[in-house]
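As written, the chains take the letters A, B, C and D, and residue 1 is the first residue of each chain.
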Amino acid sequence: MTSKVVSLREAIAANVHDGDTLAIEGFTHLISFAAAHEVIRQGRRDLTLARLTPDLVYDQMVAAGCAAKLVFSWLGNPGVGSLHAIRRAIEAGQLEIEEYSHHGMVARYAAGASRLPFFPLRSYDGSDLAAANPQIRRVSSPYDGEEISVVPPLNPDVTIIHAQRADAEGNVQAWGIVGVQGEAALAARRVIAVVEELVDSSVVRDDPDRTLLPGTVVDAVCVEPFGAHPSFAQGHYDRDNGFYRDWDPVSRDPARLEAWLNEWVRGLDGRAAYVERLGAARVDKLRPDPRPSGSVDYGSYR
Amino acid sequence: MTSKVVSLREAIAANVHDGDTLAIEGFTHLISFAAAHEVIRQGRRDLTLARLTPDLVYDQMVAAGCAAKLVFSWLGNPGVGSLHAIRRAIEAGQLEIEEYSHHGMVARYAAGASRLPFFPLRSYDGSDLAAANPQIRRVSSPYDGEEISVVPPLNPDVTIIHAQRADAEGNVQAWGIVGVQGEAALAARRVIAVVEELVDSSVVRDDPDRTLLPGTVVDAVCVEPFGAHPSFAQGHYDRDNGFYRDWDPVSRDPARLEAWLNEWVRGLDGRAAYVERLGAARVDKLRPDPRPSGSVDYGSYR
Amino acid sequence: MSAATPDELMIAAAAAELAGVRTVFVGIGLPNAAANLARQSVAPDLELIYESGVVGARPTRLPDSIGDPALVSGAAATMSMRDLFGGFLQGGRIEVGMLGAAQIDRWGNLNTTVIGPYESPSVRLPGSGGACEIALNAQRVVVVMNQSRRSFVEPVDFVTSPGQRRPDGSGERPPWAGAGPTAVVTQLGVYHFGPDGEMELAGLHAGVDDETVDAGTAWPMRRAATITRLPEPSAQTLEAIRRLV
Amino acid sequence: MSAATPDELMIAAAAAELAGVRTVFVGIGLPNAAANLARQSVAPDLELIYESGVVGARPTRLPDSIGDPALVSGAAATMSMRDLFGGFLQGGRIEVGMLGAAQIDRWGNLNTTVIGPYESPSVRLPGSGGACEIALNAQRVVVVMNQSRRSFVEPVDFVTSPGQRRPDGSGERPPWAGAGPTAVVTQLGVYHFGPDGEMELAGLHAGVDDETVDAGTAWPMRRAATITRLPEPSAQTLEAIRRLV
């Protein structure tokens, strides 16, 4: 089996193009800031950015001028407040938006993953969301005539997910909150998996249930430890809640934000340099104590 | 938290009633023969039996006179041949059938689980299956007008699944092939989980990703080691392929089949007696060698 | 022990709304504290279900986000969002959804999307998240929010999550939907909904009078047949709340 | 080494159809042996995907069913059937589906449902399983079956899995569907499909002549422009096959 391991720089250069629809998914957990920063460094433009929660990761990309459009369902800095760069871009008419609810976005990815022309869901009745977004439509059931809301498929050109580990064949394993990572990846034309750790295939094959994406659907595997910071990787490091809080004044001030991007993204050549700049003390503080899952027995059958 | 552990006899008596739609799911793996035998012993009648692959489990229930109707997608003894009791009942006009494809059945459970009035799938175009089953219908997409097949929801009165382990709160964990067990259980009004092993809640909570069904959706937990034989439980025992082969001549001959039911079902008071009758040699022969999954780290966060 | 703060009064009153409940869909902040308090008191079998797909969390610290890793370690189950929103929420398996909002109207319609017109808002709020489908599919909804003439308004600028009727009083909830908002808890009191779906004052926190309620509502607030004086949280309850926030 | 049996000829010819393929949806028996042989020879990157949701199995013994536990231990991934049939198969991520059948017609329509009328069949067969959606959603389909005037028929008694056209020659495959059956492998030879969707003889196994094919087909079998003589399996290939069955 040919190895799929490449540098993140190569993976972004080969797979993310100006004008693409890009989904960097991960619900609070496993958000690939490393990939977002590489996209910024490579100066991508006119991207349509899809994500349930744009989070800091898209606030940074919008501030860096990568995006033309945002497709989302909850726009905020969780527990802190607004995403100011995105708000400014929307208010300045520089960023188009297309807005759903969480279930609507989940259903869009599910339709995209399974090549359905639409996905039905029990939402939007009595809400103003459908009036604000003409892509939310209605279908009648052929069984009882009941009308139900539907959303169209979302098929990103590229989906980037972060996970705890993968093997060189591209089998990706993740644990903890997986959100919509599976559906977003299956819906995409190209898939980049960024992982904390590259492991031998035997590690993956000892626990096949843990596999989120089989290698057949993954185009590139990139190894970037701490690549999800300030988001987290269950068992590897904690969410850096201080970073999320500190982002608010940075994001409010375009000059400070530009300086931050220069210092932490454009001025560095990759995630290793970012981690070095964070410093060992901050990194160590985010490491949890061990809490093993325990092992189950699959049995050896001969 | 109140314990949900009851005897299988109590669980069947309380949850399975004459005329119910019953799904004993599990694709090759984790088929609860123990529950089927208890339903036979309690003399249930007029059941609608739903299952992708009726398998020996429904051949036995049909032979015992429990069923009025069968909803399915593949009717055979895998790798061996026919299910003769079911074939005789169909030919005698004693058993109504409603036939789908596998994806159609999966989609029916998925619609049932998520309370959708229908589920769309790309199947049946150019096949005679839709003509044979008027429940397979068509819907037009409101995006491009394309027509797509749909199936109606399937909501069993009771779904019974087998799994490797559960805790007393009803959190069920399974590994290996899970088929449609999750969707079939979520679609049901009542859920019985039969397990190889009752474990402390801490075992479940050490690996929450392994949970197939949270306790909130499970009505009864029954502990019946070897309860899936002649099907298998990954890591606990092998599929008894000899039993599947030997079933063919039994199932062909109504008198032999009746004698089998008397000897192995009606004449025994439960699964423990069945296992005893199987004998230690046969049971031991089905035990695999260990093959541990290995442990992952969830991290302890304080 | 110092007297209860307005937030603590809201947490205690919201917890009371969860008596006997087994499944609640919660967010971080006051709803999380209220649900945890309920599990320690009036709802011992309560399982907290988070939008991130975590079921039955037993966090060893206060979660800072709905996706906090401390919610996952030691939980009963994790689910994909497809299973959570499809099989669980839409499947009708959530008894109570707890929601907050920037604006509410007399029918319980909630706005978390925009202040001002949608196309050119004066304030852009986060939007729905899962709130729209929680409002429709949970068996009932408990709203926890701060009350003032800027939040208890008529009409709301945008209906993110539907209440009992449309903002003009027309329409009804779809036949498949849950009961919708049945209680609203604020720093002033507790509101229920009459048979016609209109909000009515049902209880007042200690030290709050009718006039304060009217001053904090942009429409004439209806009164329930009986208005209770909500119990002040006991010292033990206050202690429990202070461990939770 | 003894000469190749008809089954072994079919396995070798079916494996050749998988040259360079990376994802194949297989069942037990001949297709399983053919796919494993291909992975050892013409398709080193081939991943076997089973209807039970097992991806990339490395069985330590010959599987007796598509849900054999030996397929799971050591596999790359397990999937629910919803993910397998939805995200994988319907998502267009399966290159080749391998199917068998009791009957086939000149358009590649497959019958695994009934012999005789549906309501009162003379033989009730297993039905579709996943075959109908495999025939529609795999990028292409390789059929492996025994050939005789009872199996190569016109028309089939029931279309379980659609071929290139309806049994009367009308219609086309839906625009979203895969290429459908592109090869049929039997104990007599290999058949491909012309641009109009009709089956044609493309290759003959050693020792088989045109007349045997005609005797084993209930319609006048069309000939491809060139009919190849299929290579006899080498001793090494035969040895590999015999380890697999």
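Convention: contacts are C-beta pairs under 8 Å (C-beta built on N, C-alpha and C of every residue); 3 or more make two chains touch, one makes a residue touch a chain.
Just so we're clear, the structure is a prediction, and the values are computed from it rather than from any experiment.
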{"item": "Contacts common to chain A and chain C (chain labels)", "value": "B"}
{"item": "Chain centre separation in whole Å, for chain D relative to chain C (CA means)", "value": "57"}
{"item": "Approximate Å spacing (C-alpha centroids) for the pair chain B, chain C", "value": "39"}
{"item": "Whole-Å gap between the CA centroids of chain B and chain D", "value": "29"}
{"item": "Chain A residues counted as touching two or more neighbouring chains", "value": "110, 115-116, 121-122, 146, 176, 182-183, 206, 209, 234, 238, 288, 291, 298-302"}
{"item": "Residue numbers of chain C (touch at least two other chains)", "value": "54, 68-69, 72-74, 78, 86, 90, 176"}
{"item": "Touching chain combinations (by label order)", "value": "A-B, A-C, A-D, B-C, B-D"}
{"item": "Sites on chain A touched by chain C in the complex", "value": "27-29, 52-53, 72-76, 78-79, 82, 87, 90-91, 99-103, 106, 110, 121-129, 132, 146, 176-180, 182-183, 232, 234, 238-239, 241, 244, 288, 291"}
{"item": "Of all residues in chain D, those that touch chain B in their complex", "value": "28-29, 51-54, 64-69, 72-74, 78, 80-82, 85-86, 89-90, 109, 113, 118, 124, 126-133, 135-137, 158-163, 166, 171, 173-174, 176-177"}
{"item": "Footprint of chain B on chain C - complex, ascending", "value": "22-23, 44-45, 47, 54-56, 58, 60-61, 68-70, 72-79, 83, 86-88, 90-93, 176"}
{"item": "Chain C partner contacts - residues on chain B that touch it in the complex", "value": "1-2, 110, 113-116, 169, 171, 182-183, 186-187, 201, 204-206, 208-209, 211, 213-217, 298-302"}
{"item": "Sites on chain B touched by chain A in the complex", "value": "115-122, 137-144, 146, 148, 150, 152, 164, 173, 175-176, 203, 206-207, 209-210, 234-236, 238, 288-302"}
